[in-house]
Each structure stands twice: as C-alpha cells, then as structure tokens.
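Just passing along the structure, written as structure tokens.
A, B and C are the chain letters, set down in written order, and residue numbers restart from 1 in every chain.
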Amino acid sequence: MAHSEWTRREFLRRTAAVGAVAVGGPTLLSACQSTGGGQNTLDAARSSGTIRIGIANEQPYGFADSSGNVTGEAPEVARAVFRGMGINNVQNSVVTFDQLIPALNARQYDVVSAGMFITPQRCSAALFSNPDYTALSALLVPRGNPQQVNNFTDVAQKNVKLAVLSGAVEKGYATSAGVPEGNISTLDTQDSMLRSVIDGRVYAAALTDISLQWLVRQNPGAAVEVTQSFQPTENGQPVISAGGFVFRPGDEPLRDAFNQQLGSLHQSGDWVRIAEPFGFSAANVPQPDVTTQRLCST
Amino acid sequence: MFDNLGQIVSSILEGLPVTVAATVGGVALTIVLAFTAGLAMLSKSRTIRFISRVYVEGFRGTSEVVQLFWIYFVLPALVGLQIIPLFAGILVLGFNHGAYGAEIVRGAVQSVPRAQYEGAIALNLGPADRMRRVILPQAVVEMLPPFNNLFIQLLKSTALLYFISAGEMTERGELLRPALPMSQLTVIYGVELLFYLLLAILITVVMRALERAGARRLGRRPPARRKVFASSAAGGA
Amino acid sequence: MDWDWQNAINALPLLAEGILVTVELTVLGSLLAYVLGLVFALIRQLRVPVLNQAVYLFVEGVRSTPLLIQVFVFFYLLQPALGIRLSAFVTGVIALGVHYATYTSEVYRAGIEAVPKGQWEAARALSIPRMRVWTGIILPQAVPRVLPALGNYTISMFKETPLLLAIGVVDVLNSAKEVGAETFRVIEPYTLAGVFFLLVSYPASILVRRLERRVGTV
C-alpha cells in the first residue's frame, strides 16, 4: 500500500508540474511580447530583422499555395519593400478579410498585405501606404451568364442573389446600386464565394477583376466566367479603386519608410516584374494623381 | 481523386504538432484549474467558494468561440500586448474546460463515502493529509471516465483555433482549400477527420489505462476492457 | 484602446438581429437533437439489425470529431454531392441537431436503462403489446428523468452556435464581427456578445439544476 500511495502521489505531483510548466512557462518566456515600451514598430522590425504581415487568403493578392507557402502580389511586394529596408524575415498570419484591421490593431501583425482598397472609412481607423495598384470591379457569374448580369445595377434590376466578401467595398457598391440586403450574401472567404456561385447559392459574386479573372484561370473546370471589368459607382459618383498596405495608427515612421521603397519599386519597373505572375500589368500602376490623401478624403 | 493525397497529408501533418500542443497544453491547464477550482468550491471559506463559483460560471457561461475572439482581438487591443495565437488558444481551452472539470472534481470528492472521512479523522490525519492520502486517491479514480470525455471535447475544440489563426490542422486544411482543385475537398476533410478520430481514440486508450491502473492501486477490480470509444458515460459537454 | 460606450450602444441593433438568429438556431437545433436522439436510442435499444451497428458507428464517429469540420463537410461536400442546396441557417440547424443527437441518444439510453426491471416484467406478464410498453410505460418514466441532461445539452449547443459563422450564418458573434468590419472596433461588440451568452446560459443552468432536484437525474 505504501508503494502504491507513493506512485499515486507521484502521479498527482507530475500532473501538477506539467500543468504549472504549461501555464507558467510560455507566459514567462514568449507568449506576451510587449509591443509598447517606447520602441516603435519600425525600429523593432529593423533590429530583429523580422516583421509580420496579415493576409486574407484571397488570390492573387495574398494566399497560401498548394504547399502552404504564402505568396501573392501583396506579400511579394511587401517582401521586396522590406528587403530594401533591411528586414529580411517576413512572417505571416491569415485572418478573414473583415478582421484584417481589427487584428492589426490587436497587434497580431504590423502590416496588412492583402490589396486592401483605400477608403475614407478605413483611413479613419488605420494608416495607408501610397497606392500600390489600381483595379476595376467585375462579377463572377455562371458560364454563359444566362441572366445577362454585367454590373451592380443589373444585379438589382434582375433581382438575383449576390455574394460579397465580408468587410470589402463591394457591399457598399451593391447597396448603393439598389440591391436589397436580403439578396446580398456576405461571405468570409473568396473560396466560399466561388463555391457559392458554382453551387448556385448565389447568382453572382463581386470582387476586383484581377481577383476574379485569376480564379477563373485557376479553376478551368468550374462552370463560371467573369464579366467585363467596370468602374463601380457609389452614390452616383464613380469610385477610383486603389489598394495599399495598411499600418497601425502611430506607425507613421514605418509607413514612411515603406512608401519610400514602394515608390522606387514602382519607378524602377521592379513592381511590374514582381506583380506580373499574379495577373497585374503596368496598367495597374497608379497614376500620379491617385494619392492616398485624395482617396482618404472623398 | 487522390492525386493530391500526399500533398494534403503532409500539409495537414504540419498542423498536427500545433493541434497536439494545444490539446496537451489545454489538458494540463484543465487539470490544474479543475483541481484548484473544484477543491476551492468545497472550501469552508465563503470568499474562496464565491471566487471559484465566479470562475466556473463565468467560463462555462460565455461561449468558447466568443472567448477565442475576445482573447485574440480584444485583449491585446485593451492592454497593448501581443498574444501568440497558440498560447491564446491553450489559455481559452484550459480555462474553459477547467471550469467543467471543476464540477467533476467537486462531484467526485463529494462522492467519496462519509466513512472514509470519519476513518481519516479517527486516524488523526489533518485536513491536508486527509485530502491527499485518503480522499483524493479514491476520488481521482472516479474522475477518470468523465475527464476522458472532457479531454475529447477539448481535442474537438482545438479545431476552433482555426478562428484565431493558430496554424492547427483545421486551419491548414482551410488554407489548402482554394489552392487545390475543387474536387480535392473530399480528401482534405477526410484526412482531417481521420486524424481527429485517431487522436480521440489515443486519448481514450490512455485514460482507460489510467483507469485500470487506478482501480488496481485501490484494490478494486479493474474495469472490463471496453471498446475504443469513450461514450459510455453520459455528460461531458 | 479603451471601452467606448457610444460604439457599444451603436452595436446593439445589429447584435439584436444576431441574437434572434442564435436563439432560433438553438431552439430548432435542440428540437432536432431531442427527436433524433430518441430515434437513435430506440434503434440501439431495440437492436434493429444493420441500423443498430450503423447508428453505433455514426454516433461514435460524430462524437469523436469536431463539429466545425462536420459543418464544413455538410455544407461544402455533402450538399453538392447530394444535389441539395440548403441555406447556411438550415445547414447549421441540421448540423447542430445531428451532432447533439449523438449525445442525447446516450442520455435517453441511460434514462431507459434506469427504468426498473420490474416494470418490463410486469408488462410482459400482462402481455401488453411491445409498442404499448414503450409508449405507455417505459418512455413516460424515462423522459422526465432525462430532461435536465437534455437541458444541459441545449445550453452547450447554444454556446457552440457561433462557430456557424464559418459558413456565413449571421448569429450574434457574426453580427459583432460585422460591427467590427464597419467600425473597425471590436472591443465592444465581442464583449457584448460574451455578456449575452452569460446572461442567457447562467440563468438557464440554474433552471436546469432546479429541475434536476425535482425530477432527479440519470
């Protein structure tokens, strides 16, 4: 009995020890990294040579390839920019599109690299880089487009169901074109949008033309097609859609250093070389009059 | 159909260590909190009983998914700290299941026959020794079957870490989804389900071994070999 | 970042819509779980050939794997394969109901087994038809005793509904996420969502405990 008593106690003691290590160890060592402490994000990234970016698994902006490696236009451009800043190790976190800015503010990463459009509302919550690219809107529809839906007005008039990405700009375009809320299905991921169109849960899905053309190329077996690209309107005004990288308020030094490198990538033509494999071309380089200041203020 | 099987298995396997770490860490934290709060609920002090009640009801009452969202998005924004997703996940899994476990511990300790207390008092054992040497060894054996169910619940809950990008198996699978031909979805989910099933069986096998060992130590007849699944005892969720 | 009451108040209307969906999911999912669980339990108890083994494997498989993946499988794999198309909400109700039916079936089993042997023997002695034995004698005694356990599973299900946001169900947490997508502030909506769950499930669990004291437990 004495012997078994000892083993039982030993068992309890070991369990408690494992528990204590599990609770205490990570807390002390690595779990909570204070990100305050006077040092700004730029200095911290420069001294550690590491920065973390956030993506939304949206092709071709930022996504995981079939072996799980993160690639895409925005992560690749970001990597080139950070290389130029002497930060060689770029890590990534994947969240849904609508959580990109909340997770940025929750310090899960320091830069959103997801081709996010620069809008006044978003500018009020975060800092944007200079425009990285411009794109037009399009709709993903069943092959042959039996209902002849080519833009948001058609979606409203033909009374068909539309999928939009949660937190993305297209929902606003759709409602301002008169699409009733009940016909809009707000989904979390691009892949769910594609499957919704294929499975017939919605008639059309709205994203940028770059994104949708890429999807159709990647899924040749899927019975879907992309409409002609068009410039969306909101409240009767045409909207210039330009995307950029997003930083936390207070990280102006990081943004400024980033802008400098991004500008030289655009000018040298390196940007086109990096972005071309993802379906971008020189036509997507923003015109000089498309500035973040202007996009934030309209 | 199985063109990408190797790719899928190796990609999901990369998430396996995270799932296992979340489960083991969560189980360890659960055990610590379950015993702490469970015994505290039996304390003579009203304050201690109240505090442990607040913990148990607070964590059982708010949804685990909401807790994950809260610790990942809200807590860092409130306090200005970054929390590593896996660690956040272990905390939520442990605190949540620890609250359920506390009830198991309390119930098992209370189920030890009165005579055992009286005997221990007669032997002049102090309250601490009484608990450690007489009551707990018997109660722990009673706890094993419900803890088995609880740990399987915890394993299943690790899939929720998908919501906080911890890199475990479910998230690996979801990341892979758009990168592979659409038909491969069957294989992705098939592989995931199989892995979870095997881990659940592993937990049950370990817990059954502990049950048998525990029963032998108490001089009771070890429970008969049962099937690999844990479901015979109701409750747990 | 600090708590902002204005944002909390502004979030309420959207959250209220989500709350309604969460409650509907729980009520409908529970009803399905109560009925389907009884069916599972009866198939097992009556040892219906083939079905008995099929239900056993199904129950154990479902109980050992995450609900989230089951939801994905049902939504993205099973429905297209079967050529059906259910809304995310209906998909959620069925997934919750079926998942929890595997738990409630164990509850019913325990409840049925708790009916004293003498009741069976008496029924046999009076040669009451088998169907009548179940509906008139066994179930009326078994069901009240299982009510607390069923109630507990309803509370568990209630707290698990938010994972359905992964397929686009606009429950209370998804509504909170939507608030976050519009305002970029998630502190208030996510906290309020947690408070909502506590405000419902704590009183509910007290009620279940009270019921337990009245009718006993299995």
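Note that in this section a contact is a pair of C-beta atoms (placed from the backbone, for glycine too) under 8 Å apart; a residue touches a chain by one contact, two chains touch by 3 or more.
It should be emphasised that the depicted structure is a prediction, and the values quoted were computed from it without experimental measurement.
In summary, the chains found to touch both subunit A and subunit B are C. Across A-C and B-C, the chain pair carrying more C-beta contacts is B-C. Computed centre separation for the pair subunit A/subunit B is 34 angstrom, with centres defined by C-alpha atoms. Here the spacing of subunit A and subunit C, counted between their Cα centres, is 35 Å. Distance from the subunit B centre to the subunit C centre is 20 Å, each centre being the mean of its Cα atoms.
Shared contact sites, meaning residues of subunit A that touch two or more other chains, fall at 99, 102, 105-106, 195.
Shared contact sites, meaning residues of subunit B that touch two or more other chains, fall at 73-74, 77, 174.
Residues of subunit C in contact with two or more other chains: 1, 76, 166, 177, 180, 186.
Interface residues of subunit C facing subunit B in the complex, by the touch rule stated above, are 1-2, 59-61, 63-69, 72-73, 76-77, 103, 106-107, 110, 149, 152-153, 156, 158-163, 166, 173, 176-177, 180, 186-187, 190-191, 193-195, 197-198, 201-202, 205, 218. On the side of subunit A, the complex with subunit C involves touching residues 98-99, 101-102, 105-106, 121-122, 124-126, 166-167, 185-188, 192, 195, 199-201. Of all the residues in subunit B, the ones that touch subunit C in their complex are 57-58, 60-67, 69-70, 73-74, 77-78, 152, 156-160, 162-163, 170, 173-174, 185-186, 189, 192-193, 196-197, 200-201, 229-231, 234-235, 237.
Residues 4, 7, 11, 14, 24-25, 28-29, 31-32, 35, 72-77, 80-85, 87, 90, 94, 132-133, 136-137, 140, 165, 171-172, 174-182, 214, 217 of subunit B touch subunit A in their complex. Contacts from subunit A toward subunit B in the complex involve residues 4-5, 7-9, 12, 15-16, 18-23, 26-27, 30-36, 57, 59, 63-68, 93-95, 99, 102-103, 105-108, 189-191, 194-195, 198, 219, 221-222.
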